[in-house]
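Before I ask anything, let me first share the structure, which is written out below as structure tokens.
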Amino acid sequence: MTTSKQKRLKSDMGSSTADRITVRGHDLVKDLIGKVSLGDMAFLELKGRLPTSKESTMFNAIAVTLVEHGMTPSAIAARMTYLGAPESVQGAVAAGLLGIGDRFGGSVEEAARILQEALGGSDRDAADLDELARRIVATHKERKRPIAGLGHPVHKPVDPRAERLFAIASETGYSGRFVELMKAISVEAAKTHGRELPVNATGAIAAIASELDIPWQVSRGLAVMARAIGLVGHIQEELQDPLAAEIWSRIDEESSSQ
Amino acid sequence: MTTSKQKRLKSDMGSSTADRITVRGHDLVKDLIGKVSLGDMAFLELKGRLPTSKESTMFNAIAVTLVEHGMTPSAIAARMTYLGAPESVQGAVAAGLLGIGDRFGGSVEEAARILQEALGGSDRDAADLDELARRIVATHKERKRPIAGLGHPVHKPVDPRAERLFAIASETGYSGRFVELMKAISVEAAKTHGRELPVNATGAIAAIASELDIPWQVSRGLAVMARAIGLVGHIQEELQDPLAAEIWSRIDEESSSQ
Amino acid sequence: MTTSKQKRLKSDMGSSTADRITVRGHDLVKDLIGKVSLGDMAFLELKGRLPTSKESTMFNAIAVTLVEHGMTPSAIAARMTYLGAPESVQGAVAAGLLGIGDRFGGSVEEAARILQEALGGSDRDAADLDELARRIVATHKERKRPIAGLGHPVHKPVDPRAERLFAIASETGYSGRFVELMKAISVEAAKTHGRELPVNATGAIAAIASELDIPWQVSRGLAVMARAIGLVGHIQEELQDPLAAEIWSRIDEESSSQ
Amino acid sequence: MTTSKQKRLKSDMGSSTADRITVRGHDLVKDLIGKVSLGDMAFLELKGRLPTSKESTMFNAIAVTLVEHGMTPSAIAARMTYLGAPESVQGAVAAGLLGIGDRFGGSVEEAARILQEALGGSDRDAADLDELARRIVATHKERKRPIAGLGHPVHKPVDPRAERLFAIASETGYSGRFVELMKAISVEAAKTHGRELPVNATGAIAAIASELDIPWQVSRGLAVMARAIGLVGHIQEELQDPLAAEIWSRIDEESSSQ
């Protein structure tokens, strides 16, 4: 199928023969099923190797944080879709995931991009973090844009998830330069804007994902994979104790009346 | 917002106050982050309680089996979507999940439905499994429909994943009536059709998910949540070593030529 | 790229060279843009040829019927998704379309399947429609399933859209055997169940789509393509006068309170 | 359901009573079905009123241009999804639409944004178009970003669709300030970069959609609604003459081999 000018289609994700299924270089049946947890499998998919014990603790902590957030727009969209297409659980989950965009879960991507672009060069270790933080806060102020990863409308004064994740990062050795920069940005933003702007869960996850060398372009994927789990939970609740029809009926009635 | 005739909108999935996030009755920050793994969190979402050690082993084994299957139609769809919409990782994952339908991952739903409908009544323990298996095989033969959960085009004579999952089910105490019925269906189908029709991974997962009391209507969700992880892996590979443009170019060239 | 055992990848939908774009055998620039309407283009996509004037009237009438239904679950899902991912109009429309499933728009598929399976053989014209209708109603009664395409919770005693579509079918010559069978099923169902069960919009569309030789497997696609238009309308309204945040806030508040 | 602090949920898209369905203020059955075409219905959805004859010609021309582009990544994703989930036409179309993102159809949004931001003020008519064009080209050069709406890898030296659309714009009175600015940008970009950079179909559509007062934020929706039609066409072809399994098989075989 290949000719000289064609790029070879090669993937390292997985392959099968009659008696062996290989995932990321591991024998699925002998080495993974029954031996590794789902979270460690996710680490393997992203990093190409199984995690150490500390990496596992850190990575699972991030993922667990992202699974469930109650009746979010994403959960409502999934339930509405399930009402119309009960034959297609995949469609309901997909509909829910489509809302993990720029405004919600997607902000982890923005925060990770800022951190990785700031510390991406070869002089990562030499960089003056306070100076970087100042520049980042100033640029955002100039463009009148909020800084992703700071502040929270509900969790005040601090986001307890961020505190917990940072504590685990310290214990597992992941409190490195990205985490320090994220915290420095928070300090600098507070000075500039004259109010507390603590790192929120999104900011903590962006920093720690950067420590784990996860490219910012797929960091939003962490929220997506975790939320897929949460959405299956919502669909199961909807199956057993439906809310979607009631929500629809109220909205329809109110919006149709003159 | 409620009036007498309105159904109360009530969800047990999760909720937040300023200093506490609750997921399925647990304090997310104190009890879950850093303490439970992603797979156990998924169990919590579906069952409303954390798993025992044996439940955790069994549930994670199922989930791990479903994460990665190489360059499936689902992975190709996700990569194609990422090519067109690189701003939207959630869209690429959603597109990939939409292919987890009746033909592929969805067959777990069909197999679970057969098992749960057969053993759903109060006399679950008293039922004659061989008799049930005979009836199920006969009904499918009559309607000329293949039985979900049996046989595999590639993994012959046996599906090594099914064997491994059944072995773990024995070790963890999940080799109950649903597993026995699935195996009896395989034996009966082999007799009826005159060829080996071993239980495949889908059949094993359907049987074990039924042991875990997961309703067949959401059993497809197990494949969906696990595959979301695998699809994020494919998108990361696509980001680093793109294949989609080459695939598109070959297809476009061949299909456009006269 | 092809070898002897490979199937040739050939598509008749469209292709391009440096100075010509061909769609379904027509020169897009010379023959279609500015000369045919969007509805006729849709007919071309599905039938491989442009419609006659009567075909155009009939096909556009069906499509127009399906565009907008107010604040449906599908529209709510699209708006919720847009709230989370305003960067991705395609994601919001996709989320909305995912609810056009078995319960809502998908019922056109079920009705079209019944009609096409009943009249699919070579003796289409000879078939005794009343006898077919009796058998279809009896089979559904036996299986305790409602008949797709009959009755409506809101539009009583008749669905004015169905009446209008049938009138246009008469005028344009599309009131053939499929339409007659659909009406016969309604008459028979009323006798069997002892209450009026008039053909609804879905039933009329299924019958007329069958007259147009559209396979039942893609008849749901008529609803999908039309609703995509309606959903873009809803997203534009959401952009200009947002409702999603208010809906979310009410649901979240009520479902979180104890 | 409303309290004093709640925003009223009000939508002008559509509503129903027992005997009347209203869409954008029109009686669906009396005024729309059988009287307006699908394209005019789309205009009504977006603009809140039916088009004049000239508006209809212009709007339908744009929409028709966007329906079908052959075996694009979007069409491949839809076919792959249909292979896995044949029960869900809506899922296959949704998967295809998800690829109408930043890289492909989404560029119409970028081009429309540039035009509308440049000419958005009250002094729209007084603005010096050449000066605006120079500034836009210079800004893009400075940021090393290509200008959306110019050039095409296949259609050279000109994109025949753009020429045709601009000709129709002249005939129908839509060749106003936005069209002029788009053309001025092309002239200026050619000077700056020393090569022909003619307006492509995307650029023409962005300019004309701006003439029609369609907000840039939903201009991508024009591509989405039109492509939904094309994708239903691809799914029908896939149903009748399947390609997806062959594409999958080739990719899987090549990517799995060592």
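We call the chains A, B, C and D, going by the order they appear; numbering starts again at 1 in every chain.
We adopt the following convention: contacts are C-beta pairs under 8 Å (C-beta built on N, C-alpha and C of every residue); 3 or more make two chains touch, one makes a residue touch a chain.
Predicted model, so just to flag it, every value in this text is computed and none were measured.
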Query: Can you list every chain in contact with both chain A and chain B?
result: C, D
- request: Looking only at C-beta pairs in contact, point me to the busier pair out of B-C and C-D.
  value: C-D
Message: Rounded to a whole Å, what is the gap between the Cα centroids of chain B and chain D?
response: 37
Centre-of-Cα separation between chain C and chain B, whole angstrom: 30
- prompt: Which integer distance in Å separates the CA centroid of chain C from that of chain D?
  reply: 22
- prompt: Can you list the chain C residues in contact with two or more other chains?
  reply: 1, 9-11, 15-16, 70-71, 85-88, 90-91, 94-95, 98-101, 105-106, 243, 247, 250-251, 255-256
Query: Which of the residues in chain B come into contact with chain A in the complex?
result: 1, 6-7, 9-21, 23-24, 28-29, 32-34, 36-42, 45-46, 56-57, 60-61, 63-65, 67-71, 75, 86, 88-91, 93-95, 97-101, 105-106, 109, 154-156, 160-161, 163-165, 167-168, 215, 217-218, 220-222, 224-226, 228-230, 232-237, 239-241, 243, 246-247, 250
Message: Could you list, by residue number, the parts of chain D that touch chain B in their complex?
response: 1, 3, 70-74, 76-77, 80-81, 83-88, 91-92, 94-95, 98-106, 243-244, 247-248, 251-252, 255-256
Field: Touching residues (chain side chain D, partner chain A) in the complex
entry: 1-2, 8-11, 15-16, 85, 87-88, 90-91, 94, 98, 250-251, 253-256
